[in-house]
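Chain lettering (A, B, C and D) follows the sequence in which the chains are written, and residue indices restart at 1 in each chain.
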Amino acid sequence: MKEEGKHKKAKKYGMVINLDECTGCGACMVACMAENNVPFKEDESNKLDSIAWMRVYKLTNGKPYPEAEICYLPRPCMHCEGEHGHAPCVSVCPATATDYNHETGIVSQIYTRCFGCRYCMVACPYHARYFNWWDPVWPEESTKYLSPNVSPRMRGVVEKCSFCFHRYQLAMDKAYLEGRTVLEEDEYQTSCAQACPAGAITFGDLNNPEHKVHQLAKPDNKHGGRPGNPNVFRLLERLGTNPKVYYMSSREWVRQAGDNYINNEDLAKNYRH
Amino acid sequence: MKIGRRSFLSFVIGGAAGTAITPLPWKLMDDSSIWSQNWPWTPVPPDGEYSQSNSVCTLCPGGCGITVRKVDDRVVKIEGMKGHPVNDGGLCLMGLSGLQLLYGPTRVKTPLKRVGKRGEGKWEKISWDEAISEVAKKLADIRSNGGSHTVGSIVDSENGTVPNLFKRFLTTYGSPNFMTMPSIQDSYAMTLQVMQGVSAQVGFDAENADFILSFGSGIIDGWGSPVRMFKANSAWKANGKKVVQIEPRLSNTAAKSDKWIPINPGTEAALALGLANVIITNSLDSKKISQSSGFDSFKKLVQNEYGTEKVSKITGINSATIVSLAKNFARASKPLAICGKGQGSIPGSLNEFMAVHALNALVGNINKEGGVWAVTDTKYINWPKPEMDSIAENGIQKERIDGAGSEYPHTKSLLNRLAEVINSGDGSLEALFVSGANPLYSMPDSKAIKNAFDNIPFIVSFSSYMDETASNADLILPNHVYLERYEDVPTPAGLSKPIVGLTRPVVKPQFNTKHVGDVVMLIAKALGGGIADAFPWESYEACLKETLGVKWDILVEKGFEFNGDKCILEGDFNFYPDAMKSLSDFSSVSIEGSAISYPLILIPYDTIRLANGYIGDPPFAIKAVEDTVLKGKNSCVEINPKTGKELGLTEGRYASLLTPRGKAKVRVHLYEGIMPGIVALPRGLGHTAYDKYLAGKGCNFNELIGSTEDPVSGLDEAWGIRARLTKV
Amino acid sequence: MDSALIPEGVKRCSFGKFAIGIILVGGVLLWGVYAMLLIWLKGLNQTNMNDFYGFAIWIWADLGVIALGGGAFFTGFLRYVIGKDELKNIINCAVLIGFICYSSALLILAIDVGQPLRSWFIFWHANVHSMLTEVAFCLSCYFAVLIIEYIPLILENRQINKVPFLHNLAHNMHEVMVIFAATGAFLSFFHQGSLGGTPAVLYGRPFSFREGVFIWPWTFFLFTWSAAAYGPCFTLFVTRLIEKITKKKLVKQNVIDLLAKISGWTMGTYVIAKIIDTWYWATVTAPARGFNLIDFYSNNPFYGIWILIVEIVVCGIVPALILLTPKGRNNSTLLFTAVSLACIGVLLNRWVMVLQVMAIPVMTFETWVMYIPSWQEVATTVLPVAYGIILVMISFRYLPIFPQERELNP
Amino acid sequence: MSTQDDKAKEVSADGVAGPIILFFILGLAASLVFGWIIFPKLLYSQKKQPIDFNHVLHVEAVEEGCESCHFFREDGSFSGIPKLAQCVDCHEDAQGEDPNEVKFVEEYVANGREVPWLVYARQPDCVFFSHAAHVKKAEMDCGTCHGHIGESEHSRVYEENRITGYSRDIWGKNISGLKKHTWERMKMDDCAECHTTKEIKTDVETLPWPINWLPRPYEKQTGNKARVKTVKEACFVCHK
């Protein structure tokens, strides 16, 4: 009973990214960097050590010219729920520097608690977690544009997308002042969703039937949030990470690229039982 | 002795035991960890009062509305302005990283005077008074020696108050050499001129079209007003509208289109005429438009010369595809054909533009909903005609150095010819102003441009950034960046409804810079006489206020304003102007280089993540560039795996790219999305100036290509160049 | 020069020779220390780790030395708890190796974390769900136990032992050692297991993920068991090595034989369990996540199926069979081959469970990532080896590590 | 350690135990003195506020108590220490003879320079503290965290931890870390004290008049009680 009541109340912020509309322009990446004081260094072309909370991947269908197709896939932190909040990265952190918030469904990362063991990075199959290998250095004048809402990270800690949680905090502050405790859908939007020039990113409460994300993804909470919309999929659904970022594509090969399948496997049967 | 040692030990042990029960070790342990949590070299952004202000982004001709988020007097974020007619909340990655241009290390912080050799990077800081009197003195000398027509200026476009101040200045000074950076807008304007007899800008009612046929235009790669096109693209997707992309490479636009049709590059005009043939032959053309003049000649041309089989051979597209494409296009209720490759920085072949425009006319979408509109300039600049003295009168009668208006009577500016004219000694410039442009980087055949600039004794840059042109100037008079200044923003590229926007200072100028408009006026005033009298305004801001008149208040409040309804110019459509006659034996727009020594064809490609105009990529944007585009210090070229196999080149290999104009060391990226035999290189890399986050990364496409004059317009029509790729 | 410190009745090389040895190895040690300081001062950018390779050579070395150091707890367990009395003749060596391995592991961890000054957060803000927390707690506790086990050994130095109090203390400590040995065995069981759990709980990584019993994945038990099997092999390996270098017989063959036999049995059972685990993983666990076994071993320049064969057959079944046959145990060369193979096998297993896990792309649109350690990483990994060699040299020279030495070398 | 201790006992028969115990006690005493008295003095540097501020005087002069100067902005953010512009509303020119006011007007108002106040309660950059949540939603008094600062007539000395750079108020005056009042320490555990233990009911009945009279659609809909209780799963509540 109690569990049920709790469930009703809990929000589950998530995203639906329409891959048909995503143009791969990279605005989400930069909007995120600018919003979250993400540092940069002289050479960022080695993507193995380039911090990008939001990273846009380029997918190909593997066919030769001229049948080749490409699709872009923006990848923020998936804010996995796993089973009951046991996100792959959260349960492994030895110092409780990251947690799963049951009230919002957001996976946090506390930079000042993190001591840099990087176990969470190993645990995350999405490569959504980034380590500060270098001291973040801003050119002299450039520190002026740093936002006070997100603390700059120091060398030696892990960081990742927070679904712009500070925007939630600021919106809540305003709500409190106005005597409210509930936010409207547009009061809390992530920087990437707001910036996307193609309008491909939708953000909101997956548990709220009035929110657009819920209507698009039709998540089935009884079955680990599985999407009810046949064009919607999640990355690595079969691992049971229960991510809160849903992708939408009308193309079969794109949907299949979201997960691993062994040859001749009956896809539908295997994980939609 | 023994006791001493034991006593000491005992003292130490007592001390250790005692210390353990004092706060000392525990507090130190805690504090040292806290110290590691806020190392003094990690910045702590100060909090303060939040505020927002609206403005317009001018980093590209897109004209997006922006909302700037501030904390006290610091700008901390730039976002798209909700409800703005161009971008309604969205913003591209360049616009989003604008703060790095405002506060970035690439800014020129005070007027600089060259002390070393040109381009050596040795500067002396000077005051504004010194700087202005230096320019004025130089110009006064040139003028008194009868050389007023040898002073020129290069600005980004001809629209808006700032370019017009330059123009006015040159006019009253006595020079016709007002030059602008080339773009497809020039070709489109000329097409409208030639085929419709109107002097107008082109506008696309893209949002309302339902079948978009793009001849290589990078709809989502930065063509037109980028964010507006992104939005249109999403709307097409949502409403099931069709997009067909024709180009030899699977660009992002091609990837997002409903159908990608690879074509032999340079043969787009032939395809357009081939499609016209199918449409006319099947009587799918708009009956009303076929009454237009020249239709019969046009019909004859396409039916005789552009039969489907022949076009198929020229373009490499199979006949069935051509026929079905033509039929689908003609049968759509609001079809729209567009051209201008990539982001549209190369004007291109006028024949191609005319052929595509004819295609639009055939399906009757000129000045119709979802079609191509000829829109008037926003004529809000109505300054009184200046008084001209005799030197000025004389000077402006002289021929322009680039031959625009004389050799090519319809063309306004031909910057692409400047280098050759100067280098061949056919003309010379004594002084050059460059504002809002970086020709040394972004004009094709950079080497020739550099040589030409070396022959100009006095170059003044008004750049806010240490770009390639500024670093090769004699004097830099840094402008405020767009977040620090007022300026009108004329109708964004390709917009069907003319609007005017206002960019305004959201922060105080961060450095010792001055508005370029003010500087031009100050120079004019220092020169005195009629030149000074032509600028009666107290300051640029006063000039702008007066110019905009009643619009000023609205612009200050809203940030943008529509420019009336009567903006469409009709004109009489002519299907077969003289200029089109050369199409009778057309197969491909010419390309430089011999096929024997250069077996491959090099084409540029544009991506929205790389800026290739006046502004270089700020750090955030360059960070967003994929590692298949830029790897370490090298650009990656895209080649088909088949081509790779023939050349023995594998993924990631270093290779040497050679063209008749230059060479570069590149890395290979094998890509199934490109036609075999073609090499594609991204534009926007290979800067040598700006800051360390941009300089020295990759190679500049413009160093590898030359410019080819379009026989009709004189504009640059080069779409590629022959090339060789070898292992290193 | 230092003859007064050398145990009575044994011969040691000249001090000069010893000093040269120490200096040579000390040079390597200093190189490692230099690299370590570089890493502490400049940060982990000195390594070749990256966002895809969050764990690298160090964590492998960590898991490796802890597995090899497993001889300490298992021999202790056999000697004190089970009562295999003969093993008293090799227990000192096992304890010494254990001490070296565990102190090395802790040192490596201190280098490996991004914020060493905050590493105590693992205790203060412990997350009980994390395998690493369990590892940290058990590792520190067990290290304390090892210190306690090592102290009496130091106290047996000829000079120290002259002090009556210390002599008595050593004696008394030996008496109660059974308690520590039992505690050590218990702690070891858990942290070896937790280390096994470390990769196996990563359900986002189908290569390392294992299902399990209650809260423990199978590798929890596999790691413990493998440490029990392979740890004593390392003890034997080091003993043999010291024997070879000093050209002396130090432990009687029956002791060696007993330990080798027990090791053989544990290894044999381990290999069987490992095969079952691998089979279940390859046919049930991985396919359920969309992976064929061969997916984990193809499309990359290094990690081929050979790795599985070497680990299970060459370094598992083969040494187990040798150790299980009296002939194999009694043949010096065969025995040495077997223990060497065993050591390689367990190191390979740990490598695979740490490094290969990260090399494998999980998202379909990613590719394998290869990694080569930087010199700083190599130096810091060699550092504990050098330190270990020095400690062995000193301990062997001044402490009665091998009780049978005098008897065997009259 | 214990071995030495035992050893000391053992050799006491020899008559050397005396000095050994003495030295042990000496060592113990010295370290205690150092750790408890000298160390805190060394750890903190003392800084004076630029202007000696009289809260009492100001509270008397204003109408809305603390919120007259420390107010909420419309966007829900809290203004914190007043900016110069705010002070200038009253202190365009010196109103009295007080040397502090004169100094303030001459040095800061005249030059348009902000006063570099040292903020006793300044939390580290990683901490997100919502005044709105505490003051508006939970209706807590300023004093719960800030103590009786409103009743101070002088600005006390600001003590800064030399290692961390924080105000001493975060750790608390007492070097042992113990406190008597809620406002005496502002470490994370002190926040957690409230956040993990108190289940504060904001059911309609429990709220003071007139709030209990107002309709509260959210709680009604969901039957939820607002909670302070943030267990371990709520790092982001207070961190940024």
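Everything that follows uses one rule, which is that contacts are C-beta pairs under 8 Å (C-beta built on N, C-alpha and C of every residue); 3 or more make two chains touch, one makes a residue touch a chain.
Source: prediction; values computed, not measured.
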item: Per-chain Cα centre nearest the global Cα centre, belonging to chain; value: A
item: Chain located farthest away, centre of subunit B as origin (C-alpha); value: C
item: Separation of subunit A from subunit D, taking each centre as the mean of its C-alpha atoms, in whole Å; value: 35
item: Distance between chain centroids, defined by C-alpha means - subunit B, subunit D (Å); value: 54
item: CA centroid of subunit B to CA centroid of subunit C, Å; value: 62
item: Between subunit C and subunit D, centroid-to-centroid distance (C-alpha), Å; value: 49
item: Residues of subunit D whose C-beta touches two or more other chains; value: 75, 77, 124-126
item: Subunit A: positions in contact with at least two other chains; value: 46, 50, 58, 60, 96-97, 111-113, 135, 151-152, 154-156
item: Residues of subunit C whose C-beta touches two or more other chains; value: 115, 118, 121
item: Subunit A-facing residues of subunit D, complex; value: 72, 74-77, 124-126, 128, 130-133, 136-137, 214, 218-219, 222-224, 226, 232-237, 239-240
item: Complex interface listing, subunit B residues touching subunit C; value: 29, 32-33, 35-37
item: Touch list for subunit A against partner subunit C, complex; value: 46, 48-51, 57-60, 73, 82, 86, 88-89, 91-97, 113-127, 129-135, 154-158, 235-236, 238-241, 257-263, 265, 270
item: Touch list for subunit A against partner subunit B, complex; value: 20-21, 23-27, 29-31, 33-35, 37, 40, 42-47, 50, 52, 56, 58, 60, 62-66, 68-72, 111-112, 135-136, 138-148, 151-156, 191, 194-200
item: Contact set on subunit B toward subunit D in their complex; value: 2-3, 6-19, 21-24, 27-28, 31-32, 34-35, 37-38, 40, 44-45, 47, 49-50
